[in-house]
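Right, I'll just put the structure down here and ask away after.
Order as written gives the chain letters A, B, C and D; numbering starts at 1 within each chain.
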Amino acid sequence: MSEAGAVASGTSTAGRGGRPRYAYLGPAGTFTEAALRQVVTPDEAEYLPQTDVGAAIEAVRSGDADFAVVAIESTVEGGVTATLDSLAGGAPLVLLREVLVPVQFTLAGAPGVALSDVRRISAHPHAWVQCRRWLAHHLPGVVHVPATSNTAPAALLARRAADGEPVELGFDAALVPPAAVETYGLVPLAEHVADNPSAVTRFVVVGHPGQVPAPTGADKTTLVVHLPDNEAGALLAMLEQFAVRGVNLSRIESRPIGDALGRYSFSIDAEGHITDERVGEAIMGLHRRCPHVRFLGSYPRADAVAPTVHVGTADADFVGARDWLRAVREGSAT
Amino acid sequence: MSEAGAVASGTSTAGRGGRPRYAYLGPAGTFTEAALRQVVTPDEAEYLPQTDVGAAIEAVRSGDADFAVVAIESTVEGGVTATLDSLAGGAPLVLLREVLVPVQFTLAGAPGVALSDVRRISAHPHAWVQCRRWLAHHLPGVVHVPATSNTAPAALLARRAADGEPVELGFDAALVPPAAVETYGLVPLAEHVADNPSAVTRFVVVGHPGQVPAPTGADKTTLVVHLPDNEAGALLAMLEQFAVRGVNLSRIESRPIGDALGRYSFSIDAEGHITDERVGEAIMGLHRRCPHVRFLGSYPRADAVAPTVHVGTADADFVGARDWLRAVREGSAT
Amino acid sequence: MSEAGAVASGTSTAGRGGRPRYAYLGPAGTFTEAALRQVVTPDEAEYLPQTDVGAAIEAVRSGDADFAVVAIESTVEGGVTATLDSLAGGAPLVLLREVLVPVQFTLAGAPGVALSDVRRISAHPHAWVQCRRWLAHHLPGVVHVPATSNTAPAALLARRAADGEPVELGFDAALVPPAAVETYGLVPLAEHVADNPSAVTRFVVVGHPGQVPAPTGADKTTLVVHLPDNEAGALLAMLEQFAVRGVNLSRIESRPIGDALGRYSFSIDAEGHITDERVGEAIMGLHRRCPHVRFLGSYPRADAVAPTVHVGTADADFVGARDWLRAVREGSAT
Amino acid sequence: MSEAGAVASGTSTAGRGGRPRYAYLGPAGTFTEAALRQVVTPDEAEYLPQTDVGAAIEAVRSGDADFAVVAIESTVEGGVTATLDSLAGGAPLVLLREVLVPVQFTLAGAPGVALSDVRRISAHPHAWVQCRRWLAHHLPGVVHVPATSNTAPAALLARRAADGEPVELGFDAALVPPAAVETYGLVPLAEHVADNPSAVTRFVVVGHPGQVPAPTGADKTTLVVHLPDNEAGALLAMLEQFAVRGVNLSRIESRPIGDALGRYSFSIDAEGHITDERVGEAIMGLHRRCPHVRFLGSYPRADAVAPTVHVGTADADFVGARDWLRAVREGSAT
């Protein structure tokens, strides 16, 4: 059995009378689909392709899907604004899992085209940017034909191949996600095309709140926090809420709240699980001091790296301190 | 004389033998053009419209323009990624001035169309989002026809009006920047269309480094800072460099450095001018502790609000402390 | 009824079958006795004079007394080392109350001596220091005859007066606590003698641990804390435990731990009561991070000044945060 | 040659026409004299014994001595209040050097007394406290006869030995500083008597301000700092002035300012030399923010341990940052 069950078991809405339904940024062949395949196979779940990230998340809110798989961050572009903003507002949803997908492309050719023949490449502008050095080295002088998505040129190539006739595409090859090659029956000319071989996109599985999945020992917790207005040092004070409990942050991104310049919301990944004492006390501190805190889930880290636990911040230390405080208050501490 | 001279005087490259050349996100009628008009009139300068923010900035680097005017932040979208990233790398450029432009649209109709007749509106998706509530209230059920830019539907409306014939546009009206109405000879159906009446976009004038403009008493300083790797608390430590010198921050935004998840660059606006002692010492602290600091300019705040100067952080305090330290080191302090 | 009952009711050991017994630095007429009289009258309690502060505290530990009244701090000398050190180690004791006594002396003369005749004054060296300017102004050229305690010269004056004969004392007058005048039947030549009219000594009532007295809304909490070794910034980290919970400190004093140079214990007065949520969480933080924390009691402030409660640090904020965290962990937060 | 010249060379007042004059807590045979002997031999300097620490320091201020050697801190008692307070006020003096003396006693007997015969021991109360466990183990039941100084019983023993007649001393033996044995011609019964074998007292050489001695690479800097009134967190803010420049503290002690409860002066030893960039910037920060800062000297550490220099806080880092800031301000930074 795949991990679908594990994820589903953490929610109250999944798998109502059948296979769980996963909304994602489609169509078939996208990087998001590659992420989804890491989560659950097409046999185990219903794949519901969506036209954009917002639609995928709203499908969960509306009940049309049980889960959504969406990109949340990439090494190249940073936080995915649409995902962050969609999760920060609206009906509460939580992150249940993260998966990483390398940002590497396959250069797929039109039928009969060899790598040395390529003169014009269709690619989404983001894809082009991430392969520019590779292209300059291997195909100097090649021309960029902008595409509206990563899979759009794959579909065009596939259609022409199916038609069996030389319709003019306006390009000889396309940069597509590796998964699109099989999906669209393309001919790869070059694989692992990427300027930064360690570039990666982080995807998350989004679902309804419910009992939080049990900690694994290598978890992260995602939060949205608004800072108090007109407080110089509010960000510093917010970070100290984590630092004083020994909680490290692995990601922090600012987003405008949207009503005035200079007001920010922060999207944060903290090391540890909401059931960890130190994480709980830190976010209670945020709850007390900040006008708005939204919990977006605790879930296993894709890299399985356990957090550093600083002296005096293990669960047992908190429990011991509570026992001691109780004894002190009762006059029975020794 | 307009302000063009003031800006130009701060740089070594402007106005070479003629009017200064300003690159900006065109075409005529954009919000950026409205910002540019606040800086310099078309009589005083050469307007060089560009197809995107990156091209406008690169025009300065290449020498094709003396200055660029680009959006850097909006209340709705937050930091303009393309601007922030373009300024963070490449040949050094600096910000010389900021101007604010309200985010309000004019609903312009096709000839002969009344507000009550409007059924389909062309608008850039960002424009649509920012007027959604207004539209729901005034034109319930109206359909969105996506446009590729704010001025594209203005040009279509203008062409049809010029042609004098009923070419099918596919829409009855368009949300366009106010400046586009006159530029394209459009018919306004409603003005000041905006869900958030205080929404504003901040534009900056970008130029070559040179002698920094003199402080006005209400300035801001823009920086790009990379944090040390693998240091829990590196962001906290960075903020303390400002706090301990009494320097407030009015903006802080994270951007991924791009080579690995979890590595961030921070784009920062600090209150005060680089010639202020407290600002100087703070950014020397960053320079010492952080792997990369780029100065992006000190320039007057558009809102002309002077910074709070905390006890002991005025220039005279720093000068006095330096004199005292010298006396202490010489053994002559009293 | 006096306050004796109030204090006694907070402890399990006081008043066994009779009046509570109070050990204090005697003999009659000392400043400490003046403090003790503020706590309980001689009718209500048994006064047990001791030869030094350590003996008074040990009398409680041994059961020879129910309470001790000892000086803990003065504006002139700072912390009373003997008191701080005696409370920091040994069987746990707690502070139940504080009282303030002004540091002002009476200049008492030998029988028949007028102020203008005074040439030689007996005084404890501490008393002399605190009246030096007064003496220089009113009795220029007067000679100091050191005494071994504040009351010793009072006893000598009293004995000579009683004997009725001109035994040579070696001094004409003495600086004594105001209470000693009546006790020893002395003749006051000048009252309220003090260079600093606001000088004050803080005394505390020491008793056995037991149920902590209920908070009054204007309380302080006294602690002894050892810092972790070899941690640069350990003091900073300790102070942040208080700051992040919005707890102010009204006193902090260092004492060497005694086993090596550079290792310190800190004696701390925090604003608030151990039953306050913010105080409880702060000292649990100390308990987790520091090698040793001893609670020395929560008790009403003598000045009855209520602490500043910062935003988000009232008890209700902590309770609300705990409820919210529980809901978050259960998946039912809204 | 001894180190006298080195110390003297750092001042303008020493050795006026002859050997430098050193005031110290006498008489001969004290621990302070042992410290003085580490600094300069009796041949090289004039030893001026004083009755107390304050008198020794005042002798320098009045010109009666060139230097004073006084205890400033011990592992057992902590800061020497009289020294700290005397240096904190009055005409400025500075510390030029520190020396450490082990706190170990010699048990010296009256002529003809064996260790097993000892029944009553004369000792200063501080000495008694520091040898209590040793005495309980080796001489159970021995009686303490309090002495007014460490050397007083040595003098009594010496006189009786000199007189050659059995004057009744009231004690059989005395705890005296090791140096007193030879000075007074005593008979040692036990040496290295101490409960804590690592107990040590730190002495300092005090002189007039003048050119600060050159850094050795392992120096400390002593300061007196008053905190701003009514600022919760003032101590935290003061410590951050050091922390943000990477300066560690090796000692921090509070002393009341003396005019009201709750107002403190802090006596601080910082690692490093006043000529170090990081130390200079930190204490300029104190000078700007705190109502009073007094520099009490930079001098070599007795333990010769070099300070930890954190990343970005070496002198070269500060110089580099200053050069960079200058270039930034001139528009020539790259």
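One rule holds in what follows: contacts are C-beta pairs under 8 Å (C-beta built on N, C-alpha and C of every residue); 3 or more make two chains touch, one makes a residue touch a chain.
Keep in mind it's a predicted model, so treat the numbers as computed, not measured.
Quick one: report the Å distance separating chain A from chain D, using the average Cα coordinate of each chain.
61
Touching two or more other chains, which residues of chain D qualify?
240, 243
If each chain is a node and each touching pair an edge, is that a line, ring, star, complete or other?
Shape = ring; chains linked end to end, path closes on itself.
Judged by the touch rule stated earlier, which pairs of chains are there in contact?
Result for touching pairs of chains: A-B, A-C, B-D, C-D.
Using the touch definition up top, name the residues of chain D that touch chain C in the complex.
Touching chain C from chain D are residues 73-79, 81, 100, 196, 198-200, 202, 232-233, 235-236, 239-240, 243, 248-256, 258-262, 264, 308.
Quick one: which bits of chain C touch chain A in the complex? Just the residue numbers, please.
Interface residues on the chain C side: 12, 92, 94, 209-212, 228, 237, 240-241, 243-245, 274-275, 280-281, 283-285, 287-289, 295, 311-313, 317-318, 320-322, 324-325, 328-334.
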